Structure formats: C-alpha cells, structure tokens
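You will see chain A twice below: alongside chain B first, and alongside chain C after that.
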Partner chain A sequence: MEASSSKFVDQLVVPGDVILDLSNLSNQTLKLGGGLRQDGDSICVMKAGKLRFMKPNKYWVESSQKRYVPSAGDNVLGVVVDTKPENFLVDIKGPAIAFLPVLSFEGGTRRNIPKFEVGTLLYVRVVSANTGMNPELSCMDANGKAAEYGILKDGYMFESSTGLSRALLSSPPHPVLEGLGKKLSFEIAVGINGRFWVNASQSSTVILVGNAIQKSESLSMVQQKIYLEKLLKSIQ
Partner chain B sequence: MEVERADGRTPNQRRPVVCTRGVLHRAHGSASWAQGGTKVIAAVYGPKAGTKKNENPEKACIEVIWKPKTGQSGKPEREYEMVLKKTLQSICLLNVHPNTTTSIIIQVVNDDGALLPCAINAACSALVDAGIPLKHLAAAICCCMAESGHILLDPSKLEEQNMKAFIYLVFPNSIISVLPEGSLKPGASELGIITSVTHGVMAVDDYFSCLKLGRAAAAELSDFIRNSLKLKAGNDPSKAG
Partner chain C sequence: MKDAGEETVTPGQVLGKGSEVKAGRGAYLSCDTVYASLTGCRSLLPPSPQSPDQRPTVEVIGHKAHGPVPEPGCVVIARVTKVMARMASADIMCVGSKSVREKFSGIIRQQDVRATEIDKVDMHSSFRPGDIVKASVISLGDARAYYLSTAQNELGVVSAESMAGGTMVPISWTEMQCPLTGQIEQRKVAKVRA
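Now for the complex of A and B:
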C-alpha cells in the first residue's frame, strides 16, 4: 500500500513542527531516522533541517552539525583517549565515549592485543549505538575481516561538519574531491562523524587538499567549480 | 492617545532583530542575537558525557553560564542563569541523550533593555545550531507598563528604567502542522507559555493585555526565526542538505 508522503517533504522544518498524523494513515510501519520523534499520534520534528522521504516508508531530517549522533553501521574516525583491560576508549565526537573491545581485530586473541597510544587515529565501524549506553566499535567488518579498518598512520586529520562528510561520501563524487584527485595523488579517509584524514607523499599536498575541502563547504556548486579551477591553475 | 517613544517607534513595534548562527569557530553551536542596541552571543557545548553530582542521570543536564559585559558575576547573573536554565530545560528533550551535560554560555555584548529575552532568543538559536533535540523553539519578548497605563513592547534601557513594571515573556514558536486546526488539544503549544518574569507592580487586567501583545509579537519572532533558518539552508546546498 503506497504511503501518501507528508506534504512537508524537501522543505525546511523547525523543532515542534508536526509532519505526520498517524491516526489518518492506513496500517503500515514507518521508519523514522534522525531528527524525528513520535509524540502520541503525531510525528514531530526535533532538529531543524530539511525533511527527507525515501519510498516506501523512511522519513528523516537532514541537517549538518559539528557533533555526531552515533548510529549502527557507520564508518567513523576515532581518536584513542584511554586504554582499559577490556576496551579501548575512543572519542568519536558523540555524546558518549565509545568502546572498542581489544579483541575486535582480525585474528585478535589475548596474546596479540594491539598497543594503541593515547591520540592514535583509527578508522572503525560502529557496531551498536543505543540510547544511554556507550557506542560499541569494531575494527572488523560484518564478516570478521579487517577490510580497511584500523590505525591511520602519518597524514593529518581535519575536522569538518557531518554535512560535509556526507557530501564527500556521496555519489556522484564531490566536485572538489574529484577535481583534486585527477591532478594530485593523495589518500583520504572520511568518517561520517565529521572527520576526514588525508595522507600524501608531500606535506604541502596534504595541506592543500585539506584546506580546499574545508573551504568548499561554504561554497555553492557553481562557486566550487570556479574555486577548483583557480586552485588547479595555481598549482601547475 | 499615542505615546511618543524616544526612537520614534509605535508602542507595539519591536526593534529590528539581527540573528547570525555559527559565529564561534570552536563552539559546537553558537548564535549572536541583537535587538536594536542589545546584543548577546550564546555558545553551546555538548552533549558531553557525564552529569553533575546532584542531577538525575536518566536525563540530560543543562548548565548555563552568564558572563556580564563588565565586572564580576554576582547575584543578578545567578538569577538570569536560573531563569534561562528553567526555560531551556522545558524546551529541550532531556531523554534523548541521558547522562550528558549541555553547557550554554551567554556573553553580554551590550545591554540596551530587554536583556533576558535577547539572551533566551540567542540561546535557542545556538541550540538549533548545535543540533540539540528540542520540543519546539522559544520566542522571548519584553513588555512594559508606564505610569500612565500605556503598554510598550521591547523597551530600550531608558524606557525600562522609567517604567512602573515590566515583564519578560517566553512563548513556544508557531509550528506548521498536518493536523487540522480543530484537533489541537486544549493548552497545546499554540496557546502555551513557557516563562513569565515580572518586575514591579501591575494590575491583573494589564498583565493579560501584556500577554496578548507579547503573544502576537512572539508569533512574528517565530516567523523571523523560521525564515532565517531557511536563508542559511538555501545558501549552502552542500551543508544543510
């Protein structure tokens, strides 16, 4: 049964707005993403942003913040803040500090626990993130393989907003990222929690890429293309 | 009988409002709110892990720090912090991130009357900028009553000092809703009030007229807040989506 979507889809919504009235809808399940909550028979908005809808039944509010709300399945960049016997305590820019079990590595046993110093940068996967509990991380994918997870050596980590991270991970690719990738060679890891890491053979390349991406956040699509052209000309 | 105001406004006219979000680089959310000459900057940090000793760990904790323009913080600042804390506690959803603390720091840049409402508006905008989950927004306004019985909206400092009484009122914002008009429960947000702080003496009827005036002004303010959010979203398609 097709859901008649809310009339506020793709519009700006503000905390307090009621976007759906459940008493009118036919019997169906809805999936509510970030920024929405159920208040009795109505779905209300918690955060300001654009209301999005994906068929058949997913609603969420898209907004960009400096902090991150952990959710299972996300790939994030975390910084180790402490080590405990059972877990590493990792900061992922969320409301609570996250735990990375010492055995969550491919082929991890009590004998070969990795030694991470405080301040180590890791690319990890969020396994679970429940309200009131510390999020749990893992350096393995769902099948138990290491995949790309683990420590990120050298390079430099930049802070961004969650919106910029989503733009960098979107397809079609981010214009500035794509344009720079054609001319320069560098390695990049993007965490959905508002952090990205860049590594290249020369520090000047790392600085150039990091600054270009951070600057592109405040530019519109057209401005980004112009900025990219100017930048590429100047590095010839 | 029309009252003459120093800056030429009518009794029901608010001063022009300027609101900017994201002014501070390091804060998780920030906003600067100026109503005429009164200007306040609010910064939000959080949610951070852990609550204070006597606070309920099942809920989020809100902490307010008020920094005056000059001098040390004293009793008036404590009072402002308490009012602001209670107001913000009623608009934030405290069970979304239990056992966390959200800090709001208010810095007074200039005080030209109606300081507390300006700070409440700034704090609310900063909370939206930081993405803290809210039940609804707050629109704050100041009404004052002269000796002659006239009610003025949004007084400047000079006007405030000459008044018999003044009230700070905070209302929830006006929302867009898919619910039909008649189905709103009695006492629903359209008719609610969050905070009322009075100074001085006034009759009950005068208080109710101030309420009516304040509610209309708050509705205009909440339209302004909605539009200012729209503008920001419109300019950065890569940012707010």
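Now for the complex of A and C:
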C-alpha cells in the first residue's frame, strides 16, 4: 500500500514544519532520510531545504550548505594540517579534524609511509564518521586498491557548497561542466564536502573553469546555457 | 603538637631511621631515612609477631582533605568523556562506594573493553560520551591517566542516555533500548545483580 504523500513534497520547508501526522495515516512504515525527525505522532523538519519523496515510502530534505557533515562512504577533498606518528590530521570542512592512518594506502607498510607536507591536498574516502569521534579516512577503496585516491598535484582548489558538489557529481551531467569539457581540456576532482579541484595545462583555463562553475550555482538551467554560450564565444 | 603519641607531620618531615622503622602508608624510604609523603597524623603500628623483620611500621593518615584514591584492583565508577578509535577517556567519580574529592582521569583501551575477540572491538558500539561505567583499575598507568578495564560481566555501562534524551534500559550485554523512541543502541552493558 502506498503512503499518501505529504502536501509539502517538492516545496521549501523550514525547521519546525510538520509534514505528516501519523495518526491520520493507516498502518504503514515510512523511511525518513536526512533532515526529518519523528516527534511522537508527527514528522517534523530539522533542516531547511526542499522536501523530496520517493515511492513507496521515502522522505528526505535536500539542502545545500557551506558546512559539511561527515558521513561514511563519502569521497572528499582534504587538506593536511598536521602529521602524527599514527595518523595524518586532515581538514575536511567538518566539525572535527579527520584522521588518516599512515598505513591506509595501497601497499602501505611502516617502511614506505608517504611524507605529506602541511597544506597538501588529498582525495580521500570517509571510512567512519560517528558523532563525537573524529572521522576516519582512507586512501584506498573498500577492496584495498588505490583507485583514484591520493595526492592532487598542481591545479587549484575552489570552495563551493554541498549542493553544488552534488550537482557536479550527478547524472545527467551538470550543463556548464559538460559544455566546458567539450571545448577545453582540464582535470577536475569533486569532493562532496563542498570543495572541487581543477587542473589544466594553462592557469587561465583553471581560473576560467573554476569561476564558471562557482558562478553557475546561482543560475537556473536556462540561464546556465546562456552563460555557457557567452563564455565559450569569448574564449574563441 | 603532641597528642597522645600522635603528631601532625608534613611532606618531607623525617619520621625515623630506616634501620628502626619500616615505611608504611604515606611514608617512603630514602637513603636510610623514612620521610613522610603526605600531610596527616603520624602513627606507629607494631610489627606482626611472625615476621622475621621486627621493626614497627610508621604511617601517615587521617587528614580530612584526603579523599579516596584509586588503587589497582579496586572497582570505580567513571563517566566517559571522549571516545576515540582505540580508547575511551573517562573521569573517575567514585572509588568503591565513596566519591572522590579530586579529579582522576582514566583510560579504557580497546583491548580492555571485553574478554573475547578483543581486536574486533568497536569503541563506538561499546561506549558513548556521557555514559556511566563501572570499571576496575588495572594499573596506575602513565602521568595522565589510570588504566581501567571493563573486561568482566559485572563491568561496563551502568547508565546511559539515548540520542533522544531518555535513560536507556539494558536488554542484553551488547544492547540498550530507549524508552521514548524504542531505538536500540549498542553498548558494553554491565550485568548488575538484581
């Protein structure tokens, strides 16, 4: 039996809004995602954003912030802030500094510990992020292979919001990213923690791509296409 | 101030010669002289008749500022302050049944949480910050903290609050349930005798 949808689906909700009253619904189980909380018989919103619904029974709030809340399985861009005997201390824009064990690299042993200077940019995976504890990172995937994780050399890192990071990683691809990729050649790494890194043979390309992506966040789909056309014409 | 054979002594005060007296509680031997290490009343204990060493024991006890101090082997009640990947820090609040007068820190290492499968222990599923645990002191540890252990059935989390804020009820040695939301959370639970 399908759950009757809340009338707030796909609309902007703010903390305190009650989206569903469980006493009205018949015997059903609902799955609550991020940003929602059960308070006795009512489902309340905890985070401001758009309410989303997926059949048959999943509700969640989609929001975009500059602040990142670490969660296991995320791929993020981190900056090394300190080295300890057992771990590297890496900043991932979360509430606490994350630990990257010195042996969490493919083929990592006590003899070949990488030497990272303070300020090194890394593409890492969040292994565990429990509340109250520092998140733990790894430069290997779940099978123990290096995959694409590790140090990101050259290029430049830009800050974004978590919403823009998710848009850059979504499929169908982000229009500005796709359009620029057809005309220019560059490398990009996107961290779900609100950071992305761009590298190209010329620094003017890096600056162009970074600025274009950051500007596109506040534009709608149609505006993005117009902006992209103007930008590509001006490069010729 | 001489008071029926007992006098008040301060740390560093000479209590006697090493050849005449043995150092007891609150006293120590250094270069053939027994000095006091605490403030209190000096008292002399007669030697036990069977022992070959017939020197009396001198002790320093009784100052009312001294609260109980954790000793290896005693059971303490502590509140968990921080949980990390390989250990948890706790503030010792009671030694036995008496509350302490000053702050003592304790550490519960990953290998001391339980007796079985000690390398597979997940600290986050054993303790959370704010939990009250019953632990035993294994050693004096390092300068920063005592080493505590919960590796027995009667030791572990005695009282904990759920994420919703209710005091949880234990349902097994690994799980506790919140009475407000019904959510089950994992802890290393102590077996409290009814």
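Note that the second predicted complex is superposed on the first by the 209 of 236 C-alpha atoms of A that agree within 3 Å, B and C clash if a C-alpha of one lies under 4 Å from a C-alpha of the other, contacts with A are read in each partner's own complex, and residues count from 1 in each chain.
Definition applied: a residue touches a chain if its C-beta (ideal position, glycine included) is under 8 Å from a C-beta of that chain, and two chains touch if they have at least 3 such contacts.
This structure is a prediction, so every number in the text was calculated from the model and none was measured.
Partners chain B and chain C, brought together by superposition on chain A, fit side by side with no clash.
By the touch criterion stated above, A:Lys50 is placed in contact with chain B alone, chain C being left untouched. In the superposed three-chain model, the partner touching more residues of chain A is B, compared with the other of chain B and chain C. Once the two complexes are overlaid on the shared chain, A:Ile97 sits against chain B while remaining clear of chain C.
By the touch criterion defined above, A:Val81 lies against neither chain B nor chain C after alignment on the C-alpha atoms of chain A. Applying the stated contact rule after C-alpha superposition, one finds that A:Glu217 touches chain B and leaves chain C untouched.
Of the two partner chains placed by the overlay, only chain B lies in contact with A:Gln65; chain C stays clear of it.
Shared-chain residue A:Ala189: touches no atom of chain B or chain C. Contact with chain B, but none with chain C, is seen for A:Ser161 once the two complexes are overlaid on the shared chain.
When both complexes are overlaid on chain A, the residue A:Leu232 reaches neither chain B nor chain C. In the superposition on chain A, contact is made by A:Leu12 with chain B only, not with chain C.
After superposing the two complexes on chain A, the shortest C-alpha to C-alpha distance between chain B and chain C comes to 6 Å. Counting contacts by the rule stated earlier, residues 132 of chain A appear in both its interface with chain B and its interface with chain C. Residues 6-8, 12-21, 35, 37, 42, 44, 46-50, 52, 62-67, 69, 95-97, 131-132, 161, 163-164, 166-167, 216-221, 224 of chain A touch chain B in their complex.
Listing the residues of chain B that touch chain A in their complex gives 28-29, 46-49, 93, 95-100, 128, 130-131, 133-137, 172-173, 175-179, 189, 225-226, 229-230, 233, 235-241.
Per the touch definition, chain C reaches chain A in the complex via residues 82-85, 123-124, 128-129, 181.
The touching residues of chain A, when paired with chain C in their complex, are 38, 99, 128, 130, 132-134, 136.
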